[in-house]
Amino acid sequence: MEIALVVGFPLVGAALLALTGAQRRAPELNVAISLATLLAVAALVVRVIRGGPISAFDEQFFIDPFNVFLVALTALVGFTTAVFSRPYMRIEAAHGRLTERRLRLYHSMYQLFMAAMLVALTTNNLGFLWVAMEAATLSTVLLVSLYRTRASIEAAWKYFILCGVGIALALFGTILLYVAAEGQLGGNGMSALLWTHLDAAKGQLEPTVIGLAFVFLLVGYGTKVGLAPLHNWLPDAHAEGPTPVSAVLSGLLLNVALYAVLRCKIIADGALHSDLPGRMLMGFGLLSVVWATFFLWRQRDIKRLFAYSSIEHMGIMTFAFGMGGPVASFAGLLHMTVHSLTKSAIFFAAGHAAQTAGTQRMDGIRGLLATHPSVGWGLMLGTLAILGMPPFGVFTSEYLVLTTAMRDHPWATPILLVSLAVAFAAIFGRVQPMVFGETQAPALPHPPSLLPVFVHLGLVLALGISIPAALSEWYRLAAHLFVR
Amino acid sequence: MPAPTFSAQVLQTLAGALLLISFAMLAERRSRHLVTLLIWQGAVLVTSTLLVAATAHLPHLFFSAVLTLVLKVGVLPWILLRLMRRLGIERDNEPLVNVPTLMLVGLGLVIFAFGLAQPVTALATTVIRQTLGIALAVILLALLMILARRKAFTQVIGFLALENGLFFAATTTTYGMPMVVELGIALDVLVGVFIFGVFFFHIREQFDSLDLHHLESLKED
Amino acid sequence: MTWAVYLWQLGVCLCAIGLAPLFAGWVGQCRALLQNRSAPSLWQPYRVLRKLFHKEATLANDASWLFRGAPYVVFAAMVLAAAIIPSLTTELPAARVADAIALVGLFATARMFMALAAMDVGTAFGTMGARREMMIGFLTEPALLMVLFNAFLMAGTTALPAIVQNTLTQSQVTLHPSLAFAAVAFVMVLLAENARLPIDNPTTHLELTMIHEAMTLEYSARHLALIEWASWLKLFNYACIGFTLFAPWGIATHGVSPGGIALAMLALVAKLAVAGAALALFETASAKLRLFRAPEFLTMAFLLAVLGLLVHLLLKG
């Protein structure tokens, strides 16, 4: 029941926003719908805490410790982003970059995107997972090109083609998975695509077929995770789309894509009797970290800078899950949570910073503390958090990843450490002059909404200091899924 | 190995035809002809789906054959042709350099696909599953086409050819995905084409052409 | 048995020599009809031959023995090729000596002598034609071999009669997707090898585009007659190879009885009629490709043949 509400609210909201159109109250409606979704998720979470995992609609949808916290995270960030986007988009409209019709498209697509992600997270059916991932791509394509500038259209086209191709490969992987499962689980019903059934029977699945399927699934969904070398769409889409979209892309969509990869990895692990999937994840993860760090140095655009930082962090998570084992998986799950919160907070702050300066070029943004101290502090604290400074939560998860790497794969530790250090220097060196320094930029026409930024950062800080019992229990149980 | 049944042979021939069309697409310069080839590909898909449905007695495959007929032979080409007319690119020729090299790369991809599918084919419980390699080859060739083309319109056609390869893989190797999933996929494809159509107009509005070499200003730095 | 077989062998060669101009005439007639021209007589090629044989041969001053000898070599190579191809019967002594790969060799020999002779007199056109011919040949030969390999793989032998036997003795109708690929590739090779559209136009004398005609410009009288005859034979041979590989029905397989041969003859004439009409139709419908597009066309043929091989290996493997 709760699942129906969780998915239903944004779907109905999308229709509602598309129909009622560009009313003056549309942003508030958007916030209300997101809040309703969040409340439904809260009810769901309460039920899971009381009664454990649930499944619904003929087992087509399910909630287990692995996806429950991601659902909660998605709804939360979805809500705060809606809160943030209200003043942000007003300012954009005041600057004349958006028309009313585009805003209507934006609000409607935003809710559709949320619905797609929530379906992807809660569905038990790998076929639906694919459909939802594709729907999430389709709904964000038009969001990325919202400004209709040359650069945004180019970015959206790249995003569309690259992710479309990637997701097509994932479909091929899904088909192969179905081929392998059909023999074991019976073809005609839906059973052969249900993740729980596959998980139960994973030991008997044909290893060669599953191995091939996993390669396709990893490359396919990995494109959406932004793993190097298939990450090309990511910086463009983040930089050229409106900031709320960058925030949800980075904070949520990448997580959902990684979630899809991991669900497949659990099955592949069980069927293959080898650590090949783990090694592939480690390889892609490490490559992404190194690649992103290298390109961090050359960025001139504030949103591109943090987009590359997202690639780097997705790489760290992928590497962590690749190592496997309870500790590394725990760290990976924690990192998914804190990265999502921190990165969306940074994008909020960066968006307002760019609005204040009238440009996204970092050498044009100066003296944020002077014009809007809250934006300046938000950006600064967010940057410190994402760079892994204690006591923020990112520090905890990165520390866990590094220590596990040191124990299990010592060769990877120096690569990770150097990358993290280089990323630190690159990002901090650029953010520092933006926050401090002198400026004559005028203040914004509407007061910026920095509440979401500090809520997110507060949560990250809290997670760095102590993790709530329920959450750490979920992490532990979910990490247990990864232990073969 | 026992001789395959007649229907399996027909299916293999259809798979061969699909591969042939993929290569033709790779070398075709006229956008108009590409749409025709796409229609042919859809027709081959419908025939093969009907064949599988009839031999395996699977009623839900009849539905998906009808769905394919409507979507891939009817609606999508119609949309594409309409778009071409409205964009005035019916007579567009795309300069393709070095078709022989492209063909040889394509051949390499086919070998790669067949090699990749070999272990799965070796386990085949049905004769039909042997077509998996061809399906994979069609998919990879469509990918190559997307990479090699410089016009937005032809990239989209490559995209649809990719989808066709996937559909062929699904019908011939597993007797089709569950109906609900297939409907979802069909919906996604349809919406995707609509968005592509919207995009054509945006691109042309901004760049006065559908040539993608204009869309190369965002670099990785 | 023994001497009768050799007699039949001779008969097959004579039949090829006799039928080849007729086939060329038929293609020409079909083409003319399709293009709304008044068609030349079916016997036009024979009249051309008679006219040429009655003329006095003129030779260039610096023509060597190569120039004079080439027409005979080319003609002989084509007749030998006709002896190998089981156009009427599979009981061919010559086919036991030489297989399909030797056949490709014979075509290559003819091509090489033709090109050398064209270069011999040292005119600009001859050299140009020879170079173009060699380029086309360089591309068609691998494609032709690949087409043949398709058939070899299926029959498990390189002997053409055995391939025919294999196809004809199969109990049930079998579809071979790989043969479909090979057939398309073969038609493309046939067009290119025989100087047909879209690679070359057999009726043109436009300097910039001609290939085959450029090589024969310096020839006259009986030399020219032999060369023309050889090129018609080549087309005939190619058609017969096509029948052997893809449509062997009607060819006499068991022993050589006059009845079987007569039946085979009828079938052959019928198949030639259809093939000639199809060729004319195709030529009318297509436009000549620019010369630098020819490699593209032929790579396509090669590729299709290789694809046929791959498909065969995949589906049987």
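Letters are used for the chains, namely A, B and C, taken in the order the chains are written, and counting of residues starts over at 1 for each.
As a working rule, contacts are C-beta pairs under 8 Å (C-beta built on N, C-alpha and C of every residue); 3 or more make two chains touch, one makes a residue touch a chain.
Bear in mind the structure is a predicted one, so any value in this text is a computation, not a measurement.
Peer 1: Please report the smallest number of touch steps linking chain A to chain C.
Peer 2: Graph distance in the chain contact network comes out at 2.
Peer 1: Could you tell me which chain's Cα centre is nearest to the average position of every protein Cα atom shown?
Peer 2: B
Peer 1: Using C-alpha centroids, which chain lies at the maximum separation from chain A?
Peer 2: Ranked by distance of C-alpha centres from chain A, the top chain is C.
Peer 1: Centroid from C-alpha atoms only, then distance chain A to chain C, rounded to Å. What do you get?
Peer 2: Going by mean C-alpha positions, chain A sits 65 Å from chain C.
Peer 1: Report, in whole Å, the distance between the mean C-alpha point of chain B and the mean C-alpha point of chain C.
Peer 2: Roughly 37 Å separates the two chain centres.
Peer 1: Suppose each chain is reduced to the average of its Cα coordinates; what separation in Å results between chain A and chain B?
Peer 2: Using C-alpha averages as centres, the distance is 31 Å.
Peer 1: Which part of chain A faces chain B closely enough to touch in the complex?
Peer 2: By the definition above, chain A touches chain B via 125, 127-128, 130-131, 134-135, 138, 141-142, 145, 148-151, 153-158, 160-161, 164-165, 168-169, 171-172, 174-176, 178-179, 182-183, 187, 189-190, 193, 206, 208-209, 212, 232, 235-236, 240, 295, 298-299.
Peer 1: For chain B, which residues count as touching chain C in their complex?
Peer 2: 1, 3, 6, 9-10, 12-13, 15-17, 19-20, 23, 27, 99-100, 103-104, 106-107, 110-111, 114, 117-118, 121-122, 130-131, 133-134
Peer 1: Using the touch definition from the top, list the residues of chain B that touch chain A in their complex.
Peer 2: 116, 119-120, 123, 125, 129, 132, 136, 139, 143, 146, 152, 155, 159, 162-163, 166, 169-170, 173-175, 177-178, 180-181, 184-185, 187-188, 191-192, 195-196, 198-199, 202-203, 205-207, 212, 214-218, 220-221
Peer 1: Would you mind writing out the residues of chain C in touch with chain B in their complex?
Peer 2: Interface residues on chain C, with respect to chain B: 172-178, 180-181, 184, 295-296, 299-300, 303-304, 306-307, 310-311, 313-317.
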